[in-house]
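Take a look at the structures below.
Note that chain A is present in both complexes that follow, paired respectively with chain B and with chain C.
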Partner chain A sequence: MIDSAWVCENGWQILMLLVDHFQLVGLSLFIGAVATALMVLMVLWQPSLSRPLTYISGVLFTIPSLALFIFLMPLTGLSKTTSIIGLSAYSLLIILQNALAGFDNTPAEILEEARAMGYTRFQRFVSVELPLAMPTIVAGLRTTAVTLIGMVTVTAVIGQGGLGQLFVTGLTLDFSTPVIVSLILTVAVALFFDFAFYIAEKYLFPWER
Partner chain B sequence: MDAVDEVLAWFGNPVNWLGADGILIRLTEHFYFVGLSFALAVSVAFPLGVLIANQKSAAQIAMAVFNVGRALPALGVIILAIMVVGYDSSTVILALTLTSIPPILTNTIVGIAQVDSALTNAAAAMGMQRCQTFLQLELPMAFPTIFAGFRTALVQLVATATIAAYAGFGGLGRFLIDGLGRNDTTQIIAGAVVVSTVAISCEWLSSRVEQIISRRLRPGENLKQLA
Partner chain C sequence: MLRFENVTKHHAGKSAPAVSGLNLLVEEGELCVFVGPSGCGKSTILRMINRLDTLDSGRISINGVDTQETDIVTLRRHVGFMMQKAALFPHKTVEENISAVPRLLKWDKRRIAARVAELMTLVDLPTELLTRYPNQLSGGQQSRVALARALASDPPIILMDEPFGALDPLTRERLQDELISLHKRLRKTIILVTHDMEEAIKLGQRIAVFEDQGKLVQFDSPENILARPENGFVRQFVGNDPSLRRLALMKVSELNTLEDIQGMEIASLANSNLYGHGETAFKLVINNNREPVRWISETEATPPKLTLVCGTNSLQTALLEILNSPSGVAVQVDDHGRFKRCISMAELHAALQQNRKDCAQ
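Showing the complex of A and B:
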C-alpha cells in the first residue's frame, strides 16, 4: 500500500511539510491563546461581556473552515497569514470556554478568604484564581491543539496546509502513498502534542487526578 | 465596495438559485450527504457508546483513541477512501460517517459515565431493572452531554461535506472549489456565505431542539412545575 521508494525520494520534502505543520499549529495556538487571554481579562473586568464574547467565538467556530479561509483571502491572499488567522479564530471558542469555566469554578469561599487575608484584586487573580483555573485552561489548550492539527490540512486547498499538501499531491497523481503517509504523520503529530500536554499537566499540576 | 455589490448581484440572479448547479440543487446534495452520514454515525456510535460506557477499561481505550481521532483530517480520509473503495458518493458518505463517529461516541460515554453512581445504586436498590435504570435515569441525566456530541457531529459534518467537493463531488462546496478553480472571487465569496449560513442555521436549530427536548426530559423541571 505504501510505496517506500517514493517516501525515500521525497523524504526531505515530507520533513519540510512536517515542520510547516508544526509551525502552523504552534503559531495559531499561541495567537489564539493570547487573544483568549485578552478576552478573559475583559470578562473579569466586565462579567457581562462573557456571553457576547462566547457567542462571537461560537459563530467563528461554526463557520466551515474552508469558508472562513475564503473570507480572509481578499484581505491576505493565498498566504500563510490567511491560514494562521483562520486557525487562530477557530481556537478561540474551546480555549475561552475552558478558561471561563476554570475561573467560574473557583469556590466563592476561597475568594472571600483571599480578600480577608488582604489580597488586592490583582494579587488574588495572580496567586489564587489563575493557579486554580490553570488545569482547566491547559485542558482547553490540549483539545484545541489536537483539533487544529487536523484542521490545518484544509488550508491545503488554498495552497498551504502543511502535511495536507500531500493529499493534493495524492489526488492529482491518483497515488495513495502520499495520502497514507500524511494521515499517519498527522495522527503522529496529534499524539505528540497530546502526550506533551499530558506530561506538562502531570508535571505542572501533580494534585489533579 | 464593488465586491459586495457583485456578491449581492450574484444572489439576485435567479439562475444561481434555481439553475442546474444552483443553490437549491447543491443544498439538496449537501443535506443528502450530511443527513445520511449523520444517521449512520448516530446508529453506530450511540449504541456502541451505551454498551461500553459502564466498562471502564473499554471506555478509556475508546476515549483515548477517539480523542486523537479528532485530529484525523477529513480531507485525507475522503481522498483515501476514494482511492481504496472507489469513486462513488457512497464512499464519501462512508468517510463522512467515520469522521463524525468520535464526537458522538466520546460524548455518549462521558455523559453516561458521569451519572452519579449513588443514583444508579439507589435505582437498583429500588428494584429498577437495568433497562429501566438506563431509560429513566441514565439517559435523561446524560442527555445534555450526549446531545452536545450530536450537535458537534452535525455542525462538523456540514463543514466536512463542503470539503467533499474538493474530491469532485456535489454539495455546497462546489461553489467554493469551482470558484477557486476559475478564479471567480464573487462566486467563491457567495458560496462561502451560503455555506456559513447553512452551518450557523444548523447549529442554531439544533440548540433549539436541545432546549425543547431537555425541558421535556428533565424530571426536576416537571416537579418544579407541579409545585
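Showing the complex of A and C:
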C-alpha cells in the first residue's frame, strides 16, 4: 500500500512540508491568541462588547474555508500570509469563547475575598482573575490547535497547506502513498500538539485536581 | 473601638431599607456576634465595615476615624475578613494564601516566612501543608487556612461572615472552641455573623440580635439574652426552652460536687483501681497515673465506650455524655488527663436550678 521507495526519495521534501505545517499552525495560533487577548481586554474594559465580538468571530467561523481562501487570494496572493490570515480568523471563535468563559466562571466569592483583602483592581486581575481563567484559556488553545492542524491541509488549494500538498500530489498522480503518508503525519502532528498541551497544562496548573 | 452611628442603607430597587438607623458600639478586644434570621441585613452591616457594601447615610468609625475617610485599600488590608466558603485562592498554595496580605503590604521575605510559620502553629496546622493547594485540604483545614489568612497582617479587627457555616458539626464545634481560645490569647476585636443562636451564645461575649431590615433588637451578654429576652422576637429566636442553651453556657468546672458521688466505690484489680457506680454494673478502670482507661462490666458482655469531659467543656456536652453512656455518668478528667470524678444527672439538674435562681435575682 505504501511505496517505500517513493517515501525515501521524497524524504527531504516531506520533512519540509512537515516543518511548514508546524509553522502555519503555530503562527496562526499565536496571531489568533494575540488578537483574542486584545478582544478580551476590550471586553474587560467594556463588558457590553462581549456579544458583538463573539458574534463577529462566529460569523468568520461559519464562512466555508475554501471560499475564504479564494476570497483572500486576490489580496495577498498564493502566499503563506493568505493561509495564516484565514487560519487565524478561524481560531478566533474558539479561543475567544473559552477565554470569556474562563473569566466568567471565576467564582464570585473569590473575587470578593480578594477585594476584602485589599487587592487593587490591577492586582486582582493579574494575580487572581487571569491565573484562574488560564486553564480554560489554554484548553481553548488546545482545541484550536488540533482543529487548525486539520484545517491547514485545505490551504493546499492556494499552494500552501503543509502536508496537505501531499493530498494534491496523490490525487493528481492517482497514487496512494503520498495521501497515506500525509494522513499519518497529520494525525501524528495533531497528537503531538494535544500531548504537548496536556503536559503544559499539568505543569502550569498544578492546583487543578 | 468600632462605632456605628445612625447607619442606614437601602439596596437598589427595594423600598424597605436593608439597615435603618443603626447605632452600635463594639469595644476593643471584644468578640461580638451578630445574629438574626437570613436576610435580616446582618451580613450587609458586617460588609459595610470594610466597605464591601456602601452605606447611604450615617458613620462607621474605627477608633474614632471615619472609615469613609480612610483609603479603601489600606482599610481592607488592616481589617481581617473570613467568609463562609473559606474562599481560598485555588491557584495558590497554603503558604501563598496565608501570606497574601503581608505580600500586598510588601513585608520582606524573612518576616513573611516567620509570620506564616507562626500562624500555622496558631491555627494548629502541620507545616507539610504549606505547599499544598486548597483542593487537597479537608473542609476543616481550609477553614483554618482562611482563619490564618485573615490574621496574617495582625489586623486589630477581624470580620467573620458565617465562617463555620459550611462545616460538619464536629469540625465546627472544634473550630469554635479554638476561636474562643485564640481570641483569649490575641485579644482582637472579632465580629462574627451567624444565623445560629447556639453558635452566637457559645462564642459571643456580647450578642447583637437583629430583626428584619437590620433593626437591632437587643445587644447584651448571652446570659442576659437568655434570661431576659427583650421581646417576643428574641424569645422566639432563642427558643422556647432555653435550659439546654443555658447548659451550653455553663462549664463543667463550675459544677458543685454533690454528696451522691460518694456512692462510688473503689476496688483494686491487678495494677488498676476500679471506680464503680453503686447501682450500675459498670466499673471504671483507672491506671496508676490515675488516668481512666475503660469501663468494664460484670454482667453485660460489651461495656460502653469510654468518653471523657474536662473542666472547659460545657454542661451540655456533659449532659450528652450522661445520656449516651449506659453507665449514666460522665467521667471528668483534669488538665493532665487524670481522673477527677463522675458527673451525674442529679448534679446537672441542681446546677440548672441554681442558675435559674441566680438569673431571676
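Going forward, the second predicted complex is superposed on the first by the 208 of 209 C-alpha atoms of A that agree within 3 Å, B and C clash if a C-alpha of one lies under 4 Å from a C-alpha of the other, contacts with A are read in each partner's own complex, and residues count from 1 in each chain.
Just so it is clear, a residue touches a chain if its C-beta (ideal position, glycine included) is under 8 Å from a C-beta of that chain, and two chains touch if they have at least 3 such contacts.
Small disclaimer: the values here were computed from a predicted structure and weren't measured.
Q: Of the two partners chain B and chain C, which one touches more residues belonging to chain A?
A: Touched residues of chain A are more numerous for B.
Q: After lining up the shared chain so the two structures overlap, which partner does A:V34 touch, if you call chain B first and chain C second: first, second, both or neither?
A: After superposition on chain A, A:V34 lies in contact with neither partner.
Q: Kindly classify A:F205 by the partners it touches after superposition: chain B alone (first), chain C alone (second), both, or neither?
A: After superposition on chain A, A:F205 lies in contact with chain C alone.
Q: For A:T62, using the defined touch cut-off, is the partner it touches chain B, chain C, both, or neither? Pick first, second, both or neither.
A: first
Q: Scan A:V126 for contacts with chain B and chain C and give back first, second, both or neither.
A: In the superposed model, A:V126 contacts neither chain B nor chain C.
Q: In the superposed arrangement, which partner chain does A:R115 touch: chain B (first), chain C (second), both, or neither?
A: Touch partner of A:R115: chain C, not chain B.
Q: With both complexes overlaid on chain A, does A:D194 touch chain B (first), chain C (second), both or neither?
A: After superposing on A, A:D194 lies in contact with chain B but is clear of chain C.
Q: Intersection of chain A residues contacting chain B with those contacting chain C?
A: Shared contact residues on chain A: none.
Q: Would you mind writing out the residues of chain A in touch with chain B in their complex?
A: Residues 58-59, 62-68, 70-71, 73-74, 146-147, 149-154, 156-158, 164, 167, 170-171, 174, 176, 179-180, 182-183, 186-187, 189-191, 194 of chain A touch chain B in their complex.
Q: Along chain B, where are the residues that touch chain A in the complex?
A: 3, 67-68, 70-77, 79-80, 83-84, 155, 158-159, 162-163, 166-167, 173, 176-177, 180, 185, 188-189, 191-193, 195-196, 199-200, 203
Q: If we count contacts the way the header does, which residues on chain A are in touch with chain C in the complex?
A: Result: residues 107, 109-110, 112-120, 123, 128, 131-132, 205-207, 209 of chain A touch chain C.
Q: Over in the complex, which chain C residues touch chain A? Could you list them?
A: Result: residues 50, 52, 73-77, 81, 83, 85, 87, 89-92, 100-101, 104, 133-135, 149 of chain C touch chain A.
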